[in-house]
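What follows is a set of structures for review.
Heads up, the next two complexes both have chain A, just with different partners, chain B and then chain C.
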Partner chain A sequence: MCQGYNHKNIAVRIGNSLKNFVRFSLLCLCCMSLAGCSPDVNEISDIALVTATAIDYNADTKKYTFSAFCVMPSNTSQEKSSTLTPWISSASGKTPLDAARKMRSRVGKNLIFQHNKFFIISESAAKLSLYEVMDYLTRKREFRISAYPIIAPGQASDILKLSTESGDMLPNDLLGQVRNNKLSGQIKPLTIKDFVDLFENPNRGFVSGRLKVKSSETSDKKILFLNGGAVIYKQKFAGWLEGNDVWTLNALSGKKYWRNIEFNEVINSNDGLEFSALFHVKESKIQGNIQNGSPRLSIYLKFSASVEDLNEETDVGDSGVTLQMERAASNYLEKSVEKSLKHFQKDLKIDVLGLSDYYLQYHPAAWKLIEKDWESLYPMIPVKVHVAVQFEKYGMSTSIKERL
Partner chain B sequence: MKVREKISHLQLGCLLFGYIAGFESLFLTETKLMKQDVWIANVFNILIGIALLGIITYVQRQFPGYKMTEICDKLLGKWLSKIMLFIYLLSNLESASGGFRAVSMFYTTVILPNTRSDYLILIYAVCSTYAVYIGLGTLARTNLIIIPFFLIGFLATCLFIIPEIQLNPFLPQLQSSKSDIAIGSMHLFTFTFSQLITFGFLMSRVENMKKIFTSCAIAILMSGLYLVMISYLTLSSLGFNYVETSTYPFFSTIQLVKLGEYLERIEILLIGLWTVLTMVNIIIMQYVFTLVAGHVLAISKMKPFVLAIGLLFFVHASKSYIRTADHFTYGTKIYPISSLLPCVVFPVVLGLITLIKKKGNIKAS
Partner chain C sequence: MLISKKGEEEMSQEPLRTFSNKNLQELKSIYVGNELLLFRTLADKDNINEAVIVYLNSLVDEKRLNQQILRKMNMDLRMNDGPTGEVLLESLHTLGDVNILTEIDEIENHLADSNFVLFIEGYDEAFGMKLPGFETRAIDEPQIELNIRGPREGFTEDLQKNLGMILRRMKSKNLKAKSFLIGQESQTKVMILYLSDRVDHEVLDELCQRIDSIHLDVLSDSAQIEEWIQDSTFSPFPQILNSERPDRVVTAMNRGKIVIMTDGTPNALITPSTFFEMLHPSEDQFERFYFANFLRIIRLLTLIVSLIGPSFYIAFTTFHLEMIPTPLLMTFLSAKAGIPFPTFIEALIMEVAFEVLREASMRLPRIMGQSVSIVGALIIGEAAVQSGIVSRPMVIVVAMTGIASFTIPSYNTAISLRLLRFPLMFLSALSGMFGLSVGMFIVIFHLCSLRFCGVLFLDPLGSEGYWSAMKKFFLPPVKYKEGLHSEGSRPNVSRIQSQKYRGKDWE
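Then we have the complex of A and B:
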């Protein structure tokens, strides 16, 4: 009797579970069918992907020009992905949004900006209207915060029309150059996220990517390359930096910027030895204090290095020789860093390294006292640079014997 | 709605964690306000949360066979109890509507800009009403399935964000003004552990009442730890200024998650998990609303009214906080004050009366 009751109870439970399952399945089915009603649905045949964008500003007409480098998704294109035909669409308007909307309304495709990796901002837009441009780029959810805003001289829209040395599409080539920055460290590829974070800081300047145009060495074409940096201060473009200064900046910024960089230098030792070496930052530290209201700073840089070529027979396996080479390399790099720092402090007079951030974080009480005079104090801060180089490797050979 | 299905103390703790972790990570208002000092708000929040939990579990333990609504009747008398429960219902409705609106606003800003908010609210309301209909036990079990996925997603986010960390988010310490600390702490408490009273109405449904305090206290600690972690992860990866600017800072942080160089835009998976936990928040509010409304209106079987309450939530949410600015202003300036009576004063009064009555009974005996 009791067993029969239990069986019945279990059957009722299973029945209820099945009922619930059917109800839930029906609900899921309804919800899935509702998804098709959303106006956010995009047919793949209707879209075009924007992979680079140029923003210009004309000071006379006070108009923005928004240009987009577009490609079709490969599975809707008639061509192979390697031979996609890109096109450039452009429009002008009173605000960045006005220009962008006009441009979007004129093309026959729905432009998708989610894959856009580069915002090329013209020098004039960076000088006169950077705030409006950045406000628009951060407010729109379709612009990813991991894209790179890059400043370029002249008309940014013209830059989109230039070819690349590799023959690849412009955004792909630029992305490759950002990737290859690990070989020189002479580019500062800031993302929108970092750009905006630094943009809002009133005490310091910062350096963003810089695009240059040069003549190709193999043909008469003009080609694009990323090198050096654009200085932004008080939310405006303030000048250009050369690659060597950007290298110093990278070495003295957060680990994220120098972690993968391995640059080469040619070092001349006192005894006539000239050698090339690859250097990798191992440690980068800024230490400072404030004595009687005057800030002082010390910079410590440690490099690991490997010998790559020598101009004469030298036994690099000898620790005495290695020590001599390390001293020569340390002196050389110390001078190079000092030269860049002098340029930042005396010529630019802009705190591009973020020394104010250092004082704010580590000496908050003293910072409150010096904050209002920071602009006048910054160029006068004595900075001591300490560089230590350690040659860890010298390659597959110790030295080739000279037989003259 | 199945009436007396019991849940375990562990399930209640997990529900509390899901309730807090889902919704609170959306805006991180206190992080924007206090930045490196946000841990102060979190410590305050955890301590006050545990104290409030202690009061509510103490009241429940004195009346083990009763629901919290019945305990209110016993302690406050029928009419005063009805008034207090009615005020709670209003607070519950405004919280749930705020939740519906916050999720729909997030979706229409970030993922589906052309979709109408009402349309999204309707979908959420249909889901939450169905969840209330099938009952607390199913919700608790579902939550237990979701939480491991959420934690794995969160752990993966942390690991992928670590390379993006570029500044020490803890320095300089103790720079926030006293008013910022007070406002930030109060704001965090309002949107997290002040809602423990809602869980008080579910405590009579727990099998082992003695373990409620321990499991919920662990859930409070874990939620607090989660909030501290996401705050500092966000600050260190986005930078202080960007966090202040961003409407949804933690979403911006998870946007940085990428596998290798090309596999980006995977934040949508994490948002999916986060949305489900936010649904847990809304469902619990709606479920407790149904329970308390049944008691206040003296309706013994609430099952036929579940749909009506779902419709009420949908209509209220679709007519409230239409502008984003209204939602923010209400959340930062009005709600921290308006929620004090039903969420803090109410349980404290219940605790005090229970204590006084207990002492009276001891003296009398």
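Then we have the complex of A and C:
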């Protein structure tokens, strides 16, 4: 195992190693001279970040307008405080790509779309050319599939020019509103990934985010906020949903949609007691069967709740009182859910809850029989709603009245 | 305990003659032109030197020679009537250990090793006695490997003192020492120390062969031995650990390592060493295991930061802007506005400036070095940013990288990481994360290929099972560790390391 050291052999070996070392060093030197020569180099000082994009479609001219809300620094590195200047760049073209390329070629910076969080699609584009728009957004790698496509009434490019109530940049404010959805549950912010997953399904519709414009309560300027939803059916925009209906939709969708939502309601009990409570979905279940070719559905919803305020002195420690409060809350929520379901079935006539998926998954044989008549069957499906509310917290004080 | 060995190959050996004058003339002819060789006649009769002491000035303690040895010998000569040679020899034996020298070469060696040699007329032998007179540094706190807790003494340049420090700590009968003389001219004494029951004897034999093969004129530092005996000459990584702490050396021997001590240098070499041992300072042994393990993890992180910190920054900000979180990218955007250089050039300027400052502050006297560091930090940190030459994030990255490299206890390893940082930066600037990945693959492949005497450099990675590797990498509590020893499994013994690779060709 141990070999003796022959100095001649060592010299030869070291000589060979030295040659290899010199060759490797020369190769490294050549590589060094290539540093920075790559065409993919995108220096940070040459870029502008696109944080929101508006897509419009003009039915008369059949042209798309691509508008980008860009951000670039307005200070120099020497200044201690950093400020960013937002600006909007816009261009029209025959296709979404054509418009986007024209827009990019007209600005003096490299536009980076990877940090774009919102694609605001105008109502007209959503109605007339949603497929083309979504196709472009999903084909390009630079658009992140975690961005939110949001439908807005009117011209989308005008929306980019509106300010927010907080004064923050539009995308930051909208992102904050998406995060705060857990306080109301009245937004359904779908990402591009989820949007496209549901986009192709001919039997069901789905709801995406909706942007509204309203007047500020503190100033006379118009502000933007996310509320309600836009119904997409058969690859087209099909109508709007209000916040309460979106809440029902969230509660009956997958756990990832209702897990963090905690909404408040004012409940009126029969005996004149009025109280506010925070509700949190604990369990949501849809059960259905098909009898003689006609589908039936039962919806079970369980809520945990906490009492936040009462309008009169009430002993919330009394089980009879709490039972009555729970019944009142259950009835109220049951009616609210039934109202929303009625709207989905009778007014919209679009399966936004994905009941067709339920039948396909759990009753595949029966689904084959009813699939072709699904559009006419859906509005007629009898749905039974069961809501159970359990109050878990009543607050720290049982009474604020002075005890004598 | 000590096994002595005549290290150098036997050269032409000239026997001594009975006429001391002849011997002296021969010695003079060897040392012709060397005025350091001094002769002190003790007794002469009829112009024949009956007894002469020869020594090399400055190597021998002249004060003691005059005041104790020569005075006593002269006194004994005056008081005794017997033959001069016998009287002197009897006197010499009462003064200390006497070496009997029969050849001129032996005399040369002894003179060089701070002996004085006594020639007596009529004897075909000379008599040497060690009387070192040169000054050595006192034992001091180690300068590089500083500890918060633990022993405070470090090796000096004196081999005897260093050996004393080790032997005081390790009293086992299994401790063996083997000496070598290296350097044709310098004749430097080198010793290897090991515990015979723990060492891997195959590694030991191989190491001895490698040390025997060293052919140098002058051995001035252990670094020369290190370079000579390491397996991969052109590797940027140091493959042998060096330490100036006796406690570390003792711990290493206990783990089956072989320690190479060199006269004239305070750095002991510990072989076979692994990469992870270079990341663990001796202080790990003296801290509670929670903290020690936490520091080990921190050091792994700083290792990564110091190697690829600037490369990551270049790759992210030049090629992969999508990988930076939006708020951070916006901060970078503001910070980079108006900077005239590309990120890569900016990083290169800062890294080179940092290395220059580090080197300058190290070479200058300590007080001036501090002021250079402060001025340098001001230049790098504030003036460069104010003048718009570099951006603030770049200053943070370079400073973090620099500080991270200082946490690596082995100075040599930190240097190799600093060196490798530059090619990785070039590769990042060439093709972003792809280039960096290619560079890291090369570095990791190279590390995997490194061996020392058959022991994997990356041990315990790849040489043992997952749990054994964890046990080696993380420090268990002392009781648990001792328990492992008593069960017969010594997780840190190098013998285990090489067992897996038995039969591997060293070459």
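The criterion applied here is as follows: the second predicted complex is superposed on the first by the 353 of 404 C-alpha atoms of A that agree within 3 Å, B and C clash if a C-alpha of one lies under 4 Å from a C-alpha of the other, contacts with A are read in each partner's own complex, and residues count from 1 in each chain.
Quick note on the criterion: a residue touches a chain if its C-beta (ideal position, glycine included) is under 8 Å from a C-beta of that chain, and two chains touch if they have at least 3 such contacts.
A quick note: this is a predicted structure, and the numbers were derived from the prediction, not measured.
Of the two partner chains, both chain B and chain C are touched by A:Gln114. Contact with chain B, but none with chain C, is seen for A:Pro39 once the two complexes are overlaid on the shared chain.
Once chain A of one complex is fitted onto chain A of the other, the partner contacts of A:Cys31 extend to both chain B and chain C. When the two complexes are overlaid on their common chain A, residue A:Ile145 makes contact with chain B while staying clear of chain C.
In the superposed model, A:Gly254 makes contact with chain B only, not with chain C. Judged by the touch definition given at the top, the superposed model places A:Met396 against neither chain B nor chain C.
When the two complexes are laid over each other on chain A, chain A has residues 20, 31, 34, 37-38, 40, 114, 144 in contact with both chain B and chain C.
Interface residues of chain A facing chain B in the complex, by the touch rule stated above, are 20, 23-24, 27, 31, 34, 37-40, 114, 138, 141, 144-146, 179, 193-194, 196-201, 254-256, 357, 360-362, 364.
The touching residues of chain A, when paired with chain C in their complex, are 1-5, 7, 10, 13-14, 17-18, 20-21, 28, 31-32, 34-38, 40-45, 47, 49, 51, 71-73, 75-78, 82-84, 112, 114-115, 117, 142, 144.
Partner chain A is touched in their complex by these residues of chain C: 202, 205-206, 209-210, 212-213, 215, 233-234, 317-319, 321-322, 326, 329-339, 342-345, 385-388, 391-392, 423, 426-427, 429-432, 502-503, 505-507.
On the chain B side of its complex with chain A, the touching residues are 109-115, 119, 123, 126-127, 130, 134, 138, 163-168, 171-172, 175, 238-242, 244-245, 252, 255-256, 258, 261, 264-265.
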